[in-house]
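Chain nomenclature is as follows: A, B, C, D and E, assigned in order of appearance, with residue numbering initiated at 1 for each chain independently.
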Amino acid sequence: MDLATIIGTVLSFGLVLSAILVGSPLGIFISIPSALIVIGGTIGASLVNYPLGHVIGVVGVIKKTLFSSLESPSDIIEKFMDFANRARREGILSLEPLLKSIEDDFLRKGLQLTVDGLEPQVIQEILETEIQYLENRHETGAEILKVFADFAPAMGMIGTVIGLVQMLQTMSDPSTIGPAMAVALLTTLYGAILANLVFTPMCGKLKTRSKEEVLLREMVMEGIISISKGENPKIIEEKLNSFLPPKIRKET
Amino acid sequence: MDLATIIGTVLSFGLVLSAILVGSPLGIFISIPSALIVIGGTIGASLVNYPLGHVIGVVGVIKKTLFSSLESPSDIIEKFMDFANRARREGILSLEPLLKSIEDDFLRKGLQLTVDGLEPQVIQEILETEIQYLENRHETGAEILKVFADFAPAMGMIGTVIGLVQMLQTMSDPSTIGPAMAVALLTTLYGAILANLVFTPMCGKLKTRSKEEVLLREMVMEGIISISKGENPKIIEEKLNSFLPPKIRKET
Amino acid sequence: MDLATIIGTVLSFGLVLSAILVGSPLGIFISIPSALIVIGGTIGASLVNYPLGHVIGVVGVIKKTLFSSLESPSDIIEKFMDFANRARREGILSLEPLLKSIEDDFLRKGLQLTVDGLEPQVIQEILETEIQYLENRHETGAEILKVFADFAPAMGMIGTVIGLVQMLQTMSDPSTIGPAMAVALLTTLYGAILANLVFTPMCGKLKTRSKEEVLLREMVMEGIISISKGENPKIIEEKLNSFLPPKIRKET
Amino acid sequence: MDLATIIGTVLSFGLVLSAILVGSPLGIFISIPSALIVIGGTIGASLVNYPLGHVIGVVGVIKKTLFSSLESPSDIIEKFMDFANRARREGILSLEPLLKSIEDDFLRKGLQLTVDGLEPQVIQEILETEIQYLENRHETGAEILKVFADFAPAMGMIGTVIGLVQMLQTMSDPSTIGPAMAVALLTTLYGAILANLVFTPMCGKLKTRSKEEVLLREMVMEGIISISKGENPKIIEEKLNSFLPPKIRKET
Amino acid sequence: MDLATIIGTVLSFGLVLSAILVGSPLGIFISIPSALIVIGGTIGASLVNYPLGHVIGVVGVIKKTLFSSLESPSDIIEKFMDFANRARREGILSLEPLLKSIEDDFLRKGLQLTVDGLEPQVIQEILETEIQYLENRHETGAEILKVFADFAPAMGMIGTVIGLVQMLQTMSDPSTIGPAMAVALLTTLYGAILANLVFTPMCGKLKTRSKEEVLLREMVMEGIISISKGENPKIIEEKLNSFLPPKIRKET
């Protein structure tokens, strides 16, 4: 699993918890109804916002984001140098036997189209559509988390206003004002914590991951098209390297 | 009707209601004048913002969004494989008898233009204009709900400030301060609930639905153009599949 | 005049007014200095923001927006079917005698260029520039109202802070605190009402109107270019219809 | 100097001043330390945000914006009709003697390139780069003022929180609470005034001016390219006129 | 190091510090737990938001931004005039011996490709990819600082709400309310200072620097392509100069 996510979550929640424990028992910060209205309300509003499948699907997207690992760019470049050299020496059909051993669907599909002899332009069209709709699906995942992050503080605010109205209506005994207001503020606190320590950073990580994956796919697409155009392996290497920061470039 | 919308609405409103009932009778949260100023004011401001027809039309858009169901992408691919094979075997004119039985206006129009022998480029131009203005009409619907979601809390805030001014001007008896402020806060609460539990999620659902519909139309357009270019059914399948997530792809 | 604007304004202001009158005499909500600082300050800041001519010009733009009415799209399609048929039967020069009777400057200019025999591409270039700069001028109008809507609550807030500072400095008699704070809040109320019930919805209506006008112009441009290319009237009709929602399409 | 800027500044500051003087002596609104923290802090944060040269340069940009006046569009059209007619009658080289008397660098450079016989496409490329980087430089000026407008209220808020903390820590004598809070609020007031009456409107004016200047340059570029293509003066006039609102068009 | 950053930081922090010291001892503004929750929480949330490498890498990006200095545009133009003249006189291969002495990777790579005789179009493609991904890497750095600037006030607000809840729950002795609230406000203050005096301006400077570097790279790319097309040195000078403000242009 992604190390930064674990460290970050432990760090931020740990600090919030210790900030609480330094000043008071944890108990006064726990309120099941407050948690219910914030979490349940957020899920409820999100279900109106998105089809059921999307909201449930977000769990899968998060899992995949946190646990799957991407191929390294230099491995991809190496692979393509190999393909390009082979295609140059023995013809493009010599790539066919390799197809079965390729695990990545996108790469295999692209090479298959190349081996099938489609025009580079048609291949580019198909692969670009594929990348674009991959991006769209990632964006939907990130958007749902963004919507969660927007609704959580709103639900927290609604909960606090409800609490304030109840307190103000029954303000006979001044000594109860403080604790009642404290309870009213809990939903605001829950909403802020959920939004800022959970949903917003999760959404950010999803976007970062998506960018990395799209970048890799664009490299692969560039490589496949170059091969299908029969370009010089040296130029293919230059092209793929220009996607990367100078430090991690593959120089032959 | 859309299941998620029902579950979501029941869940979020149920939780708000129970949060209220746990602490006080429901009665202190009901105020007809407060409801009037928030709902009426929101409608009023929206009527200045949009022509009468648009505001009324939003009801139809919402209905259509919640109740209509879209064709599944794999059905569309299947249909196009059928068209493409037929066109390849028996010529493009063989599609003419099928036109009458097609329910979807967009698909029928596109095929009609193909059968009429227009250039693929002209067909694309006409269908793209159609998709673009469909998107525009959907966006207008979503925008109106967005405007509702913006005006509702603003009206709530205006109502609360009015209540505060009245309370502050007549602050002779301290015991009336609490209840007066509670009433003043009700418009804020109404505005927040309307915006966050109704208008914003509705707007979100409209956008999601619109995206799905546009995606289907783009698939259909891609298919029609490929047929009018006389492309290989195998390639058409590849092209249409690249619009979809790998899981639900149609493989022959 | 635009019916929705009248209904909307009466509705929203009526509700605010009755919300006030239910709880107190109107008098405590009237303060000339508060109105002056909000309205005057908004105008002042806008004058720094825009040249004098633009701010004055906004009145004209609003008037034109509210009172002028646009041609219906189906009339335009009908007109173009007529032009296209005539041009096809009797040659493009046969349109020349009609030019004088055309009221709309944009249509007349476009047809004139067509009759003059310019290349379709040059005509498109000229008409697109014209539409783009029309859009720019509309946007300026909408932007100024947006700036008004941004400055009004800011001025309201400045007025309230001034009032608070004065109240806090002279807090000797507690009984004056309430009324003084009530007065201080009035500028906030004025700012919120101006922004949310007047400027923002006006800005929205301007944008909606602008979109409608631009859409009509784009239809006209499409028609003119098609005529200058000598396209089939049937295809022109298809093209123009694709700008419209299916319901109000013109079918021959 | 720009009249609207003077009127606007006098109006808004005058109203704020009179709002203050109606209720209290001006003295209670003056606090040198508060002014220092808001103004100095804003400048400090902006210096971290931008290189020293940019922040100092903003003064020049503002001056140039307020005091320089632009050529009128109809003068430009007239000038180009003259150039175009001359070029048509006597050849493009006949423009060379005029070059020295042209004051505007952009126009002179463009005509020089035309007289030198460069391809229209190359001229367009060079002039577009020039316009784009002019726009970039203007945007930098506007952005700095935007950054000032963002930092000023933030500094005001920081100042107020500092004042509140100090007041709350030494709350022994209740009678000092009011005045202390009043002083704490002054930084908020200063920040709001600077942002809303000075920086934001200045930024807006810079953008408006920049748009006007860019529009003029685009007209000039269009004219130069048309001349270098040897287009008909009549068409050049049509093209340049389409940049302008119908009212101020130049008709021959 | 960047002078403006030092001056700006000293100025803004100095003013905040003196604003504090004028009214009270510094001690009441220091709270280690408050600092921990704001700083630690911000880092924690950012670690969830970005991979570990990115967050650590931001230190390097900041260092590079503050300490590295860019070549002056006029030096670049001079260099290119030299290359262009040499290439024109002695052929493009005469540039080869110079390659080794060029320090800038981007320039060297571009010239190498030119000397290798690649098509201008292919060179442009490779260099544009390189510039685009350089921009992406800079943007990531700026985005992380932006995320820091967003999380810091959020953590400050969470800390203040926690403090408020604790204070309200134990409001037995009124004399403790003030100091407790003062302490609760400290996290808000820390969050506002970190966001507005550190992270936001740092992010701004990173963006400014990135723009400058990208502009230089675009000039270099333009020059290389012009050389590879064998353009006239005079025209190359015109092209490169149009990237610059008139004042600092290089005229031969």
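Worth a mention:
In this section, a residue touches a chain if its C-beta (ideal position, glycine included) is under 8 Å from a C-beta of that chain, and two chains touch if they have at least 3 such contacts.
Treat the numbers as computed from the prediction; the structure is a model and nothing was measured.
With steps allowed only between chains in touch, the distance from chain A over to chain E comes to 1. Two copies of one chain, chain C and chain D, touch each other, and the residues they use overlap weakly: the shared fraction of interface numbers falls below half.
As a whole-number value, the distance joining the C-alpha centres of chain B and chain C reads 24 Å.
The distance from the centre of chain A to the centre of chain D, each centre being the mean of the chain's C-alpha atoms, comes to 40 Å. Contact of a single residue of chain E with at least two other chains is seen at no position. Because contacts link each chain to exactly two others and close back on themselves, their graph is best described as a ring.
A single ring links the chains, and its order as traced from chain B towards chain C is B, C, D, E, A.
Interface residues of chain B facing chain A in the complex, by the touch rule stated above, are 2-5, 7-13, 15-16, 18-20, 22-24, 28-29, 175, 177-179, 181-182, 185-186, 188-189, 192-193, 195-198, 200-202, 204-205, 208, 211, 235, 238-239, 242-246. Residues 33, 36-37, 40-41, 43-52, 54-55, 105, 113, 118, 122, 125-127, 129-130, 133, 136-137, 147, 150-151, 154-155, 157-159, 161-171 of chain D touch chain E in their complex.
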